[in-house]
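Same chain, two partners: subunit A is paired with subunit B first, then with subunit C.
Entry: the complex of A and B
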């Protein structure tokens, strides 16, 4: 539906370069490290200043990003940096920076670790500048995952890094082409001030839902949040099934989750599996909950309300829950180390079903088991079969895991009618460089 | 017990008894005062707590009323009526409205009792709260239970709750505002009342201001919380430890003061008694001195009244006694010397008769022209010379007795002295036996003590003209004195004569001078010792010389 609307809009009006794109954001205006972005808004801001290894074209086809499109070569990997690749200030981008970037994602607890599971080992930079390595098993769809914003390299995106004033200039050397807008102006505002700014033409885009102001856009629900219960703590074995069967996810989303969100009906985010065949099956007999069970629930500060709701529902089940608010980095570190009882984990889904499933499975299974399941998926004869295998595996494994899918979030977005070129990448991030403005009172002349 | 001691103790008793008599009633009075003070404090604390509870209830009612008339909830009710209320935004409303109103419980409910928003437990939104709805419908402040977040989970606590309604119809909103009776509230009550505050629901503590007090002196007052959907009590507890500790300190101080007073009284009594009894003591000491023969001793005590008269009388009596004693001594000395002169004259007179007879024989022989005159002359002159020698001997010994020098005392080993003297008699007829030995040294004049021993051995020799056993023994007496005993196997000394044999010119031996034992007795008297005689164990006489240790 969104694609159709966008196509009609694009067909109606030719794109126009120039102008300043004024964007109102609810939090900080600085572009975060894309590998550490866990919300659609953070991914959008990160994606504005960087380019992933590969991109997705309007038709869904892979396009070169930081690297050229790879040629199929069995288990061997040979990735070539684009010849015209330049970073911020025109500096050449080295292959070692990309290798380091990929290596950082392999840390335990990092939700993008699944991206590195098919690899036999770390990539290396050959003498010709190519990134070379190998796959541990056949996984033909691995390059699709390289479109994830987490693989971005700073300074290569559509816009330069925003200054202290929040203004970023168009990066004319961007390998994907310069953005339509000359300037990206970011500023922080409350919902009320953002609505006022959009209605007065002082801003064209707000990364927040503003009812009755501008046009609310339905963004892909690509960031999924799960309740992960530590599988190594056997006394907590009954918690996940009980939560899965007793928690009203629709109510949770309706009342406790800010921004556009929807309940997760399966293990995978709707951006990957938008229409699960049936609601997630629940085991008929629930395991008993030990008396006087106490657990610590780790939660990111932004998910405090969801954590409180879980605390109340678990309290009703007779479980004492202590909520500990942590930064996402600290939370992922503890989860990666296995030092947790339960945690609210947000995962920006990789845009490939098998690897997206692996992201979830890593919360409940050892990496070797996940690799074995990825190998089954990768053995499919064609993309359709591999996707079907991944989705069926996700449905089959869901009741057995100590992971409760809760909800998926998309970017909260409001735009004025003069904004065109709305497009999202596979991470659910809005591509700010693709936006262009109709001439109007709020847009500056080119 | 001396009079001075008795008087001192008496004074102390006089000082202590009133204190002791006062202690018991004073202690009872003080304990009673402490209990009354505690009771008064608890009464005040209970009144203050009731005021605080009433204030909290009014605060809840005021907050509910104000909120029900405020724009946010009226807008919410309208939005619900219009069907465009955002559940997520509504869920966050209560937390925003709660601040600045002095309440820590705020819940918004719909007409069915479903929680639309909760400021104290946001996670409860979407669930039903029938009890909260009932209280909110009732309006007036009442006691209820609410769930709240605690550090390690969710807890149920008592709260004073009041309600109000916003709007009408199915979309109306109920406001439930209140004040938690939680540990911070209990701490505020404790700060207000100065007592430990414990809030309990159905007997089970739900909040307390501090860890429970302990100790034997706890006093408490139970205040009933306002009636409502839950039953609760507020217990105010005070510890009287401090007061009783202060009382203890007070009584310890009193005890020390009493002891001090007792000591001072005893000291003063002793001093006063000393002043009073000093002349009596002096009289007692004077009497003892007189008994010891110190005739010149006089009582030097300042006294007046009857005691002064007694002192003066005592001194006069002592003076009379001294005078009489001196006169008696002079008379006794005269008598003694008269006796000595009589005996000396008797001794001297004995040789004079043979001399006279010899001279008369010579005169007759010369007048008769006796042919054997030469022979008679020789016999008579020989007899005369013998008697003259005898006279000389008597005079020499008397002279020695009369001019006995003062002893030069030195530390002597008596055993060694005895052995040396006995060595001189090694060839005599006496069969000497040395017994015992190893006595402590004595202070004595070596020559005079040698003379005593020689005199005793000569006596033994003379008592056994044809020789016989003589035993010389040294021993340490139980009295601590050192004894030297000379025992012989002679005829012994008749008991009737034993009292006189140490007097001059008393002898039981033919030809004895009668001065040997007298000299020995005088020497020992000069040494602070004495000489005694009794029967030897095997018959004969045993003389015992007793000397003090050196």
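Entry: the complex of A and C
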């Protein structure tokens, strides 16, 4: 299955139900709105409480989520809600809630806007309850992108939303089946306290890398961070190629990026394209940079160290940089409005190569141009050819864009040997509902 | 001091054992009329090898006591060979004795033949010396009785091997054998989370039935699980199946044209019991069934909830029916026909009962006891034993087992389904080496 990264840990016994899954997280204990989650840890916590429109089975095949598997039907879209769907508080889920969810992603600056590009217009709820609409051009892989956590609807996930104490209960009505654990307990801790909790058996999972404690798990690197330079500010045209050719990404990742990360060598996150050709070294034909250039770099508060490093690097090139720390929402709003010089933009990749590319292209190209490129990728019946077209277009466009790929991050994760069923969705989120605990010695049978 | 030693000897010296008594009588007759210090061979036959060895040893002791210069056991298949060997060994005479228990008597009878070789006879074989008939008996004691009745060692266990058959492009929840095309030979039925597959032994798909036509459960089960039973056995043409994610299961009839529904089921069929399929419901959206089950129309209860239940052979088999329950704590335990536990629970992930040797004895086929990454193991434990008869590593994780006479040889094979890291399933068989 293209673009879907799955880690399947086999177990020789059937998964075991029951027990409390204790998870230590580094930051605030909150299951954020999945559409606003921009880090692997936030995506993981969000995904525990909600279900995307479609899901991916252990073998990589699409499975029903909030909607049944769509039948291929050309340009027409007809999506049927699962009949037994219950949301937060046991209330029946209406199609209009899903339509609104998708509509919210279409806002300029939203990293998931690419998901709506193939649509001819907003979906509507027909009298039979189905979500209907049409594609503006053939794009057969569109349903794959509906597995992204951003399409999730709260209250439909494996666990109920955590109480103030950080405890969440198994959602018995989850359309993907109740989770294996009876409860999910989230708590914050420092790395030192997390390591102690894991070694004492007080927690089984830590969303942080704890060397010498439990087993470190390699998660898909699905959240990519770019330096986006405003393409409409012509005086900044030389900045992206200069940064691309002068920045030591490996050093940036090693010293300044927290958590498991790797240098991003192509436009697409490694979860989509694990082996991109390294970008062509640009040496002779770099455009000149005007003297005394000053620019404002928008950076999310959490990425201050990376922003400062870029500030130093750009200073070496003779560019004066003023770093402005913003919330991610405010940053995306300003990027969407075109009100920026340069910005550090984190994009959780859509699990489909063409649409993942479109997410990046939207930072540098007008939407209509990106639509035309998507139409070119989506044409043709052969899924392998479509994937190959998306990857080769990504390689061809990389040196021409005002976007510099910087690094890709995966979930930092440490688990005890008691934990089984580790599985990530296409967004790089760990599926907490799929984790099950091997009973320790002396544990009673259910 | 001498008195003390004598008193001790009198106090502890047992009455002469029956074997020694008989040996002494035979030895007395055996050395009679021979020159002093004869060199003798001893060849003993008996109902058990243990009695033959013990009698030969007792006879040699007795012969030494009666002045034999040499007394050697002769190991030969028959009397003629024994004579040849005794000649070759340069012995003077050979005692050929059969020892046995006759009612309450220990008896020994046979003869003594001369085996001295006269150099002047040259190549012409010639029996020298005086022969004698030998016979003795004495009341048998427990030692003699025990030696005469050592049970014959069990025949060597069959040599087993693991044979890879084919792959199925999906996880397999349950396996069964059924004659799908009416040719009298069983095919393999595999239940996946989305379909029922009927496959030939070479992996060719004969028929496929999607489960999407069945009503879906309001609360599906995250861990796909289900049951598949061939209610008429491997030569029947019917199947019962259900998964825990569907509200109803289905009964189907198979023929050369495909799979035909004959009705819907209310529970998940676990295995074939004495009154037909044993049915159960899964517990609260999990992969655990029971403990309440239906044995035909009768309600019954398992000792504990189970992941799966397998049954040994046809209900009318002379050995009687046995069940093997696979518990969520990673053990498997034999149950009697009334579902009462029998014997200890053995560590096992997935398990089945199979008559692999074709002897009517039901071996337990057990997968590795716990989660162990990308490599599982299968082991076969004979009835009443704990040490495995056979074990082998199985790539992947074993998810389902079934047993039946797949090749029409009168011997069952155990079919294994092992989930591979890529999401497909390798089907293999544990069977007797051809």
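As a working rule, the second predicted complex is superposed on the first by the 422 of 446 C-alpha atoms of A that agree within 3 Å, B and C clash if a C-alpha of one lies under 4 Å from a C-alpha of the other, contacts with A are read in each partner's own complex, and residues count from 1 in each chain.
Convention: a residue touches a chain if its C-beta (ideal position, glycine included) is under 8 Å from a C-beta of that chain, and two chains touch if they have at least 3 such contacts.
Nothing here was measured: the structure is a model prediction, and the numbers come from that model.
With the two complexes overlaid on their shared chain, look at subunit A and say whether subunit B and subunit C clash or fit.
Aligned on subunit A, subunit C fits beside subunit B.
For A:103, decide between first (touching subunit B), second (touching subunit C), both and neither.
Touch partners of A:103: none, neither subunit B nor subunit C.
Return the chain, subunit B or subunit C, that is in touch with more residues of subunit A.
After superposing on chain A, more of subunit A is contacted by C.
Which partner chains sit in contact with A:172 here, subunit B, subunit C, both or neither? Use first/second/both/neither.
Second partner only, subunit C.
For A:16, decide between first (touching subunit B), second (touching subunit C), both and neither.
Second partner only, subunit C.
In the overlaid three-chain picture, which partner chain does A:294 touch, first (subunit B) or second (subunit C), both, or neither?
Only subunit B; A:294 stays clear of subunit C.
Taking the superposition as given, does A:434 touch the first partner, subunit B, the second, subunit C, both, or neither?
second
Is A:318 touching anything from subunit B or subunit C once the two structures are fitted on A? First, second, both or neither.
The answer is neither, since A:318 touches no partner chain.
Once the two structures sit on chain A together, report how near the CA atoms of subunit B get to those of subunit C, whole Å.
29
List the residues of subunit A that touch subunit B in one complex and subunit C in the other.
The overlap between the subunit B and subunit C interfaces on subunit A is empty, containing no residue.
Give the list of subunit C residues in touch with subunit A in this complex.
Touching subunit A from subunit C are residues 169-171, 193, 216, 218-223, 225, 245, 283-288, 304-305, 307, 327-330, 349-350, 367-374, 376-377, 396-399, 419, 421-424.
What residues on subunit B touch subunit A, complex-wise?
Residues of subunit B touching subunit A: 86-88, 91, 121-127, 147, 149, 151-154.
Can you name the residues of subunit A that touch subunit C in the complex?
It is residues 8-17, 57-60, 83-84, 158, 172-180, 420, 433-434, 438-439, 443, 445-446 of subunit A that touch subunit C.
State the interface residues of subunit A toward subunit B in the complex, per the touch definition above.
211, 248, 251, 254-258, 294, 305, 307-313, 315, 320-322
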